[in-house]
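Please find the structures below.
Here come two complexes built around subunit A, the first alongside subunit B, the second alongside subunit C.
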Partner chain A sequence: MSERRIFEHPILDFDRGYEFYFDFEGKKIKAYEGETIASALYADGLRKFTESKKLERPRGFFCAIGKCSSCLMSVDGRPNIRTCVTLAEEGMEVERHGPKAEFPQTDVGRGGERKKEEIEIAVIGGGPAGLMASIVAARNGSEVHLFDEGDDLGGQLVKQTHQFFGSHQEDAGTRGIDIGKELLEEARDVGVEIHNGSKVLGYYPEKKITIESDGRLEIYDSQGIVYAGGAVENYLSFENNDLPGVYGAGGVQTLMNEEGIVPGEKVLMIGSGNVGLIVGYQLLQAGVNVVEIIEALPEIGGYQVHASKIRRAGVPIRASHTIKKAIGDEKVEGAVVQKIDENWNPVKGTEREVECDVICLAVGLSPDTGFLRQADCEMDYVPELGGFVPLRTEDMMTTQRGIYVAGDAAGIEEATVAALEGKIAGAAIYEELHEETEDTRRSKEEAKEGLDKMRKGPYGEVPKQGVKTCTVDEEVCG
Partner chain B sequence: MSEYKSTGIIRKEDLEIPSDERLEEGPVVIMECVENIPCDPCVAACSFDAVEMEEITDTPDVEYETCTGCGFCVTECPGLAIFVVDCSYSDENCKITIPYEYIPVPDEGDEVKALDREGNEVQKAVVTNVRQSGKTYAVTIEVDKENVWKVRGFEVEK
Partner chain C sequence: MTEKYEAVIIGGGVNGLGTAYHLGKKGFTDVLVLDKSYLGYGASGRNGGGIRQQWTSEDNIKLARESRKMFERLDDELEEDLEFYQGGYLVLSFHEEEAAEFKENVKLQNKLGVDSKFLSPEEAKEIVPELDISDVVAATFNQSDGTIYPFKVIHGYADRVREIGIDIKEHTEVTDIVTQGDEIKKVKTSEGNIKTDTVINAAGGWSSKVAEMAGAEIPNVPVRHEIMVTEPYKRFLDPMVISFEHGIYFSQSEHGNIVGGIGNPDEEPGLNQKGSLWFLKNFSDTLLDFIPRFSGVHMIRQWAGFYDTTPDAQPILGSVPEIERFYQVNGFSGHGFMVSPMVDKVTAELILGEQPSMDIERLRVERFEDMDLEEEGGVVG
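This part shows the complex of A and B:
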């Protein structure tokens, strides 16, 4: 494939800025304003970004959101720069330094004096849950600071090109990308102070958070916190699963729907939950061939309507199948898949080679709860919600009074649920710090009714049971 | 376990469909949505109140005598699971309206490949209407009457 950038797309318009070049190990690399270094390199065809420390295995593009450390390179003499979240600039000098970077010869600091501030409410995470919590608390009169490590707020909504399911009243039928924009606009309108590019480093009693923003340390002393830090993608064990070309579904969405770059030519999708089916469909929309979707369970995990949509496009979905290994030395050049029986044992003689250059993993998510553990919130393992989640009241307060949770960090569900939980948390934190108002009472009531509706039916039964096991009375809270 | 749970392919037997008389009368909606998922935009999309749902997780209940087959709901369904069939069109042919979100978008009069629920080519078909709502299109194609339950997709030949 000569051109990996998407110029025509049925849903998205890629508004690329001006074209320029930067230097990569002596080669001129084309980039567009607003593109990350890693994206521009990926579009140019680079697959090996660094290597592993011990076995020197190739490491490439993976998470695309600054979490996995597979893309660390030296930029203008500064080592260990996360190139997937660092924008390319004209004339930059970029080079790979492998796993052992040398101590920088140039002045590395970009920060300045640390900043310390007292604030009322800190909301962590700018996805649907955090945005909604911020909006409700701020429109009642609270001073709300919303922190997000990304440049663009909206959380995972910014990658969701499909129309949302759920209730017509709660934005169903609207595309995720548009919901994110509307929420962000509303947050600005009601006076939420937005801190983008602000990574939360840690929690300190009493309700203090530390932030890194553009190389500077910031300390915020708050009266109340809503944590809406989302989720991390699950991984899968198989031979060669660390080859460049094995990507998480979220990374693929970021590259394809935000950066406008296709991940490859032929994709093998692992997992048929809604994420696997939807990302499979988005790949087709971007003009990428999805060779097949495999699913370990005997049944497709996601909605029938999503599965039918992708089957109509000629993509096979094979239940009771798993991946045995990825083929390739420096990057994915294929995969071996096989059937498994009802006890998850491989069926002999069913091994089959699949031609592909990308293996996309859509095998579930786990709540990202490190911050809450640090704040001593009591946790419980709830498989129905994707792993360890904080105990919480019906008002979304954790066992630490004044610290609330909403969205995937409270349990893996979907965006509408996240927004509804955020609405409850935003109203409840305002009530705790001030008083009940007509708006907070109504917001909580409506959102709780909405959650009950969303958690009906066979798909809603699972999270509903999960939420039941980790919901506690307020007396339990400190 | 219903077959579609492992294949993703709906069969005619899985659906509640209009009577033969209603089908012959004129265009009518076919909702290929059989699971209890929390979703209801089709109810609000209908100007004739032909779609009912008590709980958001119910499957849509279509009053086929009220449905005019206008097809407005086709582009409003997030699952792209709504089609309109018109068997009254002629003795040999019928029309099927299909939601479409790929490029290129066909023009009226174009010939496309009509596909079944597994993406296999069933026949060639002519596009008779293209309607756009947001980024989703409702494309109507003309196919042989015998293929009315087979064809559910199409591919524009590049």
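This part shows the complex of A and C:
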């Protein structure tokens, strides 16, 4: 396949702007306005971007959101640039520098005064939870700053082209991307100050946060914080799991639905939860061959509706199977899968080679809680919610007074739950810093009722038990 | 635990493990090393790995010199590449007065067999071409100084110690030391009691707390010190560069990362191990004054640990007057890694009643009562 860009898609519209070229190790590479360096190189077929620091193993496009450093290259003489979050520009000179770059040859300067600002409320993460928290606090009169490392707000919603599941009357049936857009518009309307491209780096006492924006450090001194940073993907250990071509489902979605580039030709999907099934289906929509979906459990993890769509497209879903290794030297050229028994032990003689150039891991999410740990929020291991989560009150306050949590960061559930928790956190932080209003009281009440409804039925029982074990009384908060 | 041991070492840092190693080498293996957390949780897993012999007091120069020699052999002994890189230490001075002291220091160091040199700013720049020397007045340099990878040393010791037959227990906190008269009877821990009559206090920043448990008094106070690491580069910096005036030090590890720290003169004593904004700003600003080209480099982590400080910035060794067989190996005041080989060897000798390889009389805790203190002036960070 020479062209890896998606030009036609049943749902998404990839409006490509102006076409230009940049230089990569002496070769001219085509790019479109708004494309990152990594995307353009990937579209051109490049697989090995750099090498790992210690063992010098090949590294390729992986997370696509600036988090894994598998795409570091030198750009116009500056080493260690994350090419997946750096836009390509006409005439740019890009070069690989392997595991270690030369020390920078030029002084790029200090960039003037460091930005330091006092603010009222900092909301971290612009997914449904963070957006909702911002909206409620701001419409009551708080000065709210919403920080998200991405260029587009909406969190996971931005990548979701499917019609949403979920029992929340307003949202079910609407595509994720559209829900995100509506929330963002509302946040703008009520005066939330939005800082996109702003990555939160760390927490420092007392409620100070550091941000990286445009390569510069900014410091915000806040009175209250809502942390809604979402989740991180789980990984799987198997031989060669670091080869370029092994992706998390998030990376595949970013590449395909945001960058408009297909990850490869033949995808082996690991995991048949909703994420695996949905991303598998999105790959089919983008014209990619999904060779099979394997699942370690004896049955499919996700909803039947999603599984049926996949099956109708002729993709086999194989339960009680796992991946043994990836094949290839510089990139994925295949995989070995095998059956496992009920104790997860491999069944001898069932090993089988699968031809593929992409292995996509969709093996669950864990709450992203590093920030909360830094802030000394007490944590508890709650498997029903996906791992370590912060203890919280019914009002979503952590054990640190004035620091709230909402959404997947508080426990892996779904978008509607995230939004409802955000609503509670937004109302509660306003009350903590000011006073109860008719709107905060009602928002909390409605959202709590909403959560009770969401956490009913066979799928709701598990998170409900989880939330019970990590909900605490306000007295334990500092 | 059923437990009874001839000696219990409190602290799984470089000095606790090093002392265990030297005891074990001499065939004394009925020893238990305890750490309340993981090995290297204390300063030993949080330091800059600097190995320097350019000190100002005789005791420290000798300890550091002998220890450097032992580090040179430690790879072979532990059968592990400890990444000891002898790129030297370049000590910069920004004042004539200090430069004059540097000259005296070099004399003393040379007399004691440390091959340091006094340099002009231009000579310093030859060693580190990226350096901005506009305000530098003079420098000293010693080639056999360098850096080591602390985790490899800790785990190298731990593996060896276990092979010899000494027990190590992590996540076991000592909560009390029970004495009768001037004798130790047992050690109480979060996991049960252990009978012993010999305890080694190698608890780093927690040493004075541990001493208190036995009813002994040592003057140590923990003070937070912070440090950071950047993304890796091909080697461009050979020596560790330090300045006492700025309180800064930085070097490049074998992995290519720059590791460095800066001391905050206003830091209050206390058991706080969090990173601060003060450090983030001041370290980066100062580093850029030294080497402007660092402006394009990303810091990837910052963290903190304790200097277990004493009034004269010298360690406390040997048993205490109040209690028999309660050995101190602490109070390193920010340089306990580089002197650990010799210190640990001597401690093992004292425990076994042997003639110590080095005279440590002036490093006993009694010095704070009946001796004139010789303060070590060469602490950085």
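Simple rule for what comes next: the second predicted complex is superposed on the first by the 471 of 478 C-alpha atoms of A that agree within 3 Å, B and C clash if a C-alpha of one lies under 4 Å from a C-alpha of the other, contacts with A are read in each partner's own complex, and residues count from 1 in each chain.
Rule of thumb we're sticking to: a contact is a pair of C-beta atoms (placed from the backbone, for glycine too) under 8 Å apart; a residue touches a chain by one contact, two chains touch by 3 or more.
Predicted model only: the values in this text are computed from it and were never measured.
Enquirer: For A:Tyr235, select first, second, both or neither according to whether it touches subunit B, subunit C, the two together, or no partner.
Expert: Touch status of A:Tyr235: no partner.
Enquirer: Does subunit B (first) or subunit C (second) touch A:Phe14, or do both, or does neither?
Expert: A:Phe14 contacts neither subunit B nor subunit C.
Enquirer: Report for A:Phe388: first if it touches subunit B alone, second if subunit C alone, otherwise both or neither.
Expert: neither
Enquirer: Which partner does A:His306 reach: the first (subunit B), the second (subunit C), both, or neither?
Expert: In the superposition, A:His306 contacts subunit B only.
Enquirer: Identify which of subunit B and subunit C touches the larger number of residues of subunit A.
Expert: More residues of subunit A are touched by B.
Enquirer: Along subunit A, where are the residues that touch subunit C in the complex?
Expert: It is residues 53-54, 69, 78-80, 99-110, 114, 202, 204-205, 208, 210, 217, 219 of subunit A that touch subunit C.
Enquirer: Which residues of subunit B touch subunit A once you look at their complex with the stated criterion?
Expert: 1, 4-10, 32-41, 43-45, 55-57, 76-81, 101-103, 105, 115-120, 134-136, 152-153
Enquirer: For the complex, give me every residue of subunit A touching subunit B.
Expert: Those in contact with subunit B are residues 8-11, 162-168, 172-173, 175, 284-285, 287, 298-300, 303-315, 317, 319-320, 416, 453-460.
Enquirer: Considering the complex alone, what residue numbers of subunit C touch subunit A?
Expert: The touching residues are 130, 231-234, 236-237, 255-256, 274-277, 280-281, 285, 288, 292-298.
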